[in-house]
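Each of the next two complexes has subunit A plus one more chain, namely subunit B in the first and subunit C in the second.
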Partner chain A sequence: MSAIEQLRDKLVELQSELEKHKDENKIQREKIEKMSAEVVDSNPYSRLMALQRMGIVKDYERIREKSVAVVGVGGVGSVTADMLTRCGVGKLILFDYDKVELANMNRLFFTPDQAGLSKVEAAASTLNFINPDVTIETHNYNITTVESFDKFLDTIKNGGIASNSSVDLVLSCVDNFEARMAINAACNELGLNWFESGVSENAVSGHIQFIRPGDTACFACAPPLVVAENIDEKTLKREGVCAASLPTTMGITAGMLVQNTLKYLLNFGEVSDYLGYNAMIDFFPKMSLKPNPSCDDRHCLLRQKEFAAKPKVEKVETVEEIQAPVHEENNWGIELVDSSAPVTTEAKPKEVSTGLKLAYDAPDKTEAVVEGAVGNTADISLDDLMAQMKSI
Partner chain B sequence: MVDESTRKSLSNIPLLQTRAGPREKDIWVQRLKEEYQALIKYVQNNKDTDQDWFRLESNKEGTKWFGKCWYMHNLLKYEFDVEFDIPVTYPATAPEIAIPELDGKTAKMYRGGKICLTDHFKPLWARNVPKFGIAHAMALGLAPWLAVEVPDLIEKGIIAYKDKNSE
Partner chain C sequence: MSAIEQLRDKLVELQSELEKHKDENKIQREKIEKMSAEVVDSNPYSRLMALQRMGIVKDYERIREKSVAVVGVGGVGSVTADMLTRCGVGKLILFDYDKVELANMNRLFFTPDQAGLSKVEAAASTLNFINPDVTIETHNYNITTVESFDKFLDTIKNGGIASNSSVDLVLSCVDNFEARMAINAACNELGLNWFESGVSENAVSGHIQFIRPGDTACFACAPPLVVAENIDEKTLKREGVCAASLPTTMGITAGMLVQNTLKYLLNFGEVSDYLGYNAMIDFFPKMSLKPNPSCDDRHCLLRQKEFAAKPKVEKVETVEEIQAPVHEENNWGIELVDSSAPVTTEAKPKEVSTGLKLAYDAPDKTEAVVEGAVGNTADISLDDLMAQMKSI
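Now for the complex of A and B:
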């Protein structure tokens, strides 16, 4: 056989293979105008619409009028987006600036062939395939930088289904404090409700927190609330690793997050303000947090003022304040660790609720005058300082 | 944990007073001046005690910082480019210092070469907002990271000494 013939055969083979893959893509179902409750194998919404017949949800189809922003499409965020897509949410706006890596394969959702793709792009194509009725919008940037933050703010402000409306809910599925604080700042500024979610670095606890600016504690009101794991800090090995993760803990956390999202969007059941998960003993602590009247975020204070002025809906509440007295018993072995802080050392341990603790102690705000501070900056120009720094 | 020498160099860095982030255009300049004053003092202190180890400069808005840091090991100087953005939530959150050229070479790094800080650093920073600035982040964040990571990377043969004169 001549080389040309061989190549021709190869071409035919490749063409047929290509056709096969084209057909695979064609399997994608058509868009569905209206959710049907008809019980047939071909109806992707029959089991969801059955929630109405069971008396759980009143008008399930309202979910199509809802727009949700998912910030961070990693272990928790991708599963969250997957669940909301399968539930038929109207619109999903995804934010992430990371790429899919093989190191992510211990988690759910992404597949090895997607390695190298941007997380939002890879997620959007899978989600579109699962449910073409959902509008998916993607944003590939880091929301904590000065340039991107305004874009983020604008997107969630105008990301609703109706024009000039905001998203109905923001879900934080990020893995760092900076991004959580950025979402917090944006939602306080816009008065948008959001859920914070997180999984601990050692992969054995997780939590979700519902933040309604002015009504519940914002993320800056107090140090982050975390699940006490009852693991001796001294035995915890951190050498050589940054974070561990398990698909189980992430899946459970995403499940808690989307369950409460559905309850909130479709008005059924009771939405948890804070729900934790301790994987070591299968314990789910739950509580509520009031906002801090001396929060550092000025928009939080504004929202608190607005909330106080609003007439209250009568409701029996079991609210515990952040500054609750220290509990007598110490089931969780929480102790004050010598942190050798060089400047502010004043710190008192606070157990917030059974099984929950603050990530660290809040700073003492009473000191007004800072000793050893920089000198007067009024008569020095910034340019001079920059030049001086450069010339050292 | 903070050791004696870090504690000493830390106590010589002036504290900052203005609580302002880059979105608060009017008072950010004030904060930026304080940042530069603290940094100049810190670098000067380092030079005076023969412990000079970094240079930094910023764009004119003071939102992007870049420069060099170096570490002495067995009388050889290992130098790295360092960079970071000032996050919108600064100073409530510390800057995330990055050494992009070491990305993927050590487990103690996040994407983009951001150094992985100890659990101790962030609570310490949070307790000292707004008094801590970039100079403190360098002293408490980057300096101890280099001291632990660089010798380890050299020992493992992941980084090698580059002779500036032979280039």
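Now for the complex of A and C:
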């Protein structure tokens, strides 16, 4: 065989191997026009559409008409986006400005080969591969700067599935006070419902909080009294200190967040106003917080007025049970207020340690509203306790 | 340029592109000899080792000496294996005999390109890529057949990190009665602790149960009274019916399972005997079940005798708090018994529907022990309630 023939053979061989490798990177399922309930191995929606037959959800496919913004694509946000993508949500809008690092590998979702990529780009690529039916939009900037805040506000205002409509829900999965306040300000201004979420720096507790402007306390109505002072992860890392984290606590927090998102968007079950998780003793406190009538956020006050004037209609959707009764009785469903609630009167430290600052100067008014709220849920819990005692 | 030179150039170009694609498929981090607490972006263990500085875990790196068997690598098992891999467990032994299908894409972990692969092989490949420090062993067979059961028993008996040692824990993530009974029989025979887990077919509840042979009720002490009769997924699918499932419920169940696994293996917090999850109302019941003195499993009776004879020593490990006090007080940590516990006296149906069978014929003795167990926890809860009432 001549040299040129050998070269040609080698070239054909290489080209075919290359195509194979390219294919391996790209095997992606086709888009699916309409969700089907057909029970075949090739249907990625059969187990979700079965929620209708089980009497849990009336019309599961409505999820395709929903648009959800996820702010922060870290340990909680990435798993949140993953779950919503697998559930087939219509549109996901991701916000983050951080990069994937090997130091993030102790949480679910990202893989070591993505180290160095922007979190939103890496996430969008994985999510689009998992479910090409979901529209993924990415925003790679810090929402707390003045210019970016306007872009953020505009994006969630016009990010709905229908043109000129807002997103259906904003999920906060950020890790700092400033970003939470930015989301709070935007959602108060637009009257948009959102969930706040968080995990503790010792990795063994987490929480979600449902904020409906005017109806429940916003983040500025009862913010944490003490917050880290201009200390971001970079400063901490220079000092050789970082927060602990666990895939378990973050996965559970993301699960609680998306489960309540599904209940809200598809109208089933009870959406929790606040749900906490203490991993040390497997304790899951629930509570409700009323809005603060002297909140610092003027849009919150506007929303409170609107809410007070609105006629209260309870939206009840009945789901016909087609198969197998669902055993959901809960004779012991007592809800108790957590003693480690975000703000309590006792939690006012006289001295603030280095690196911490008071988040605001006038705790009196928030104290009042939080006391009221806590007292309120404590009263409810007491009634429940009494009822339980009698029934034993 | 001559034809041969052009060919040579093309060849070099192709070869380099091919290498790039091969690299893309294989960028995998090097193994890490010893876990480091150093706070740098390139350290995948910094956030886990920080649990020591936070005063949660005394010696995190002990996790490398632990071997865990995960039986069933579906919606709960795959996420369980993912979490344990990212936490850097020493060894994972995976059992399953099913294949990945597109119909599984509504749960976390598997990706559409893995459809058709065996679940254990697909999982092992992903997990090894995520963390090459974890030893992954796969077993692709059904543990309930006579021959395979012996292989299963032998594997968990000798699957520890040290030679001739057993695994440290078995996690059941299976979806049927027969497989749970097989795991139960093996663990009773070997005196091995294990966690049972499960999610309901309507996708909105889940649970985990810690079984310590001789100390707590085994799966045969108080099994479900009614189980599906020889109906596996294949039969159901032919009839166009399948169970519903959600990534949220399965992620939360896996999170509860692995969190309690970490607490048990690394000796921190309180390990729950039973933890349930009702997604409709965000209710998380806890309870304890004592072993049945007339259990059908003779190895269970042997373990009960051994446990009764053993001197009771409480193992307490103190962790020095180096930084930031952990606020873990829980004045409201009341544990209540769930009314929908696996077996209750009221739950005895007179008629069994088509496709269901009684799992056993003599419910009297289990009734007795379950009554006792429930009565017992109910008493404890009553005391707790009384104490709480007084303190309000």
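Throughout what follows, the second predicted complex is superposed on the first by the 277 of 392 C-alpha atoms of A that agree within 3 Å, B and C clash if a C-alpha of one lies under 4 Å from a C-alpha of the other, contacts with A are read in each partner's own complex, and residues count from 1 in each chain.
By definition in this document, a contact is a pair of C-beta atoms (placed from the backbone, for glycine too) under 8 Å apart; a residue touches a chain by one contact, two chains touch by 3 or more.
Nothing here was measured: the structure is a model prediction, and the numbers come from that model.
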item: Broader residue contact with subunit A after superposition on the shared chain, subunit B or subunit C; value: C
item: Which of subunit B and subunit C A:280 touches, first, second, both or neither; value: second
item: Touching partner for A:131 - first (subunit B), second (subunit C), both, neither; value: second
item: First, second, both or neither for A:12, with subunit B first and subunit C second; value: neither
item: Touched partner set for A:146, first subunit B, second subunit C, both or neither; value: first
item: Subunit B versus subunit C as contact partner of A:256, first or second or both or neither; value: second
item: Touched partner set for A:308, first subunit B, second subunit C, both or neither; value: neither
item: Doubly contacted residues of subunit A, that is, touched by subunit B and again by subunit C; value: 240-242, 339-340, 382, 385-386, 388-389, 392
item: Subunit B to subunit A touching residues, read off their complex; value: 1-2, 7, 10-11, 14-17, 19, 22-23, 29-30, 32-34, 36-41, 43-44, 47, 55-58, 60-63, 85-89, 92-93, 96, 107-111, 116, 118-120, 122-124, 126-129, 131-132
item: Subunit C to subunit A touching residues, read off their complex; value: 3-4, 7-8, 10-11, 14-15, 17-18, 21-22, 24-25, 27-29, 38-48, 50-51, 53-56, 79, 82-83, 86-88, 101-108, 111-113, 115, 129-131, 201-205, 236-237, 240-249, 251-252, 254-256, 258-260, 262-263, 268-270, 272, 275, 278-286, 323-324, 326-334, 336-340, 378, 382, 385-386, 388-389, 392
item: Sites on subunit A touched by subunit B in the complex; value: 98, 144-146, 149, 176-178, 181-182, 184-185, 220, 223, 238, 240-242, 296, 339-344, 347, 359-361, 363, 370-375, 377, 380, 382, 385-386, 388-390, 392
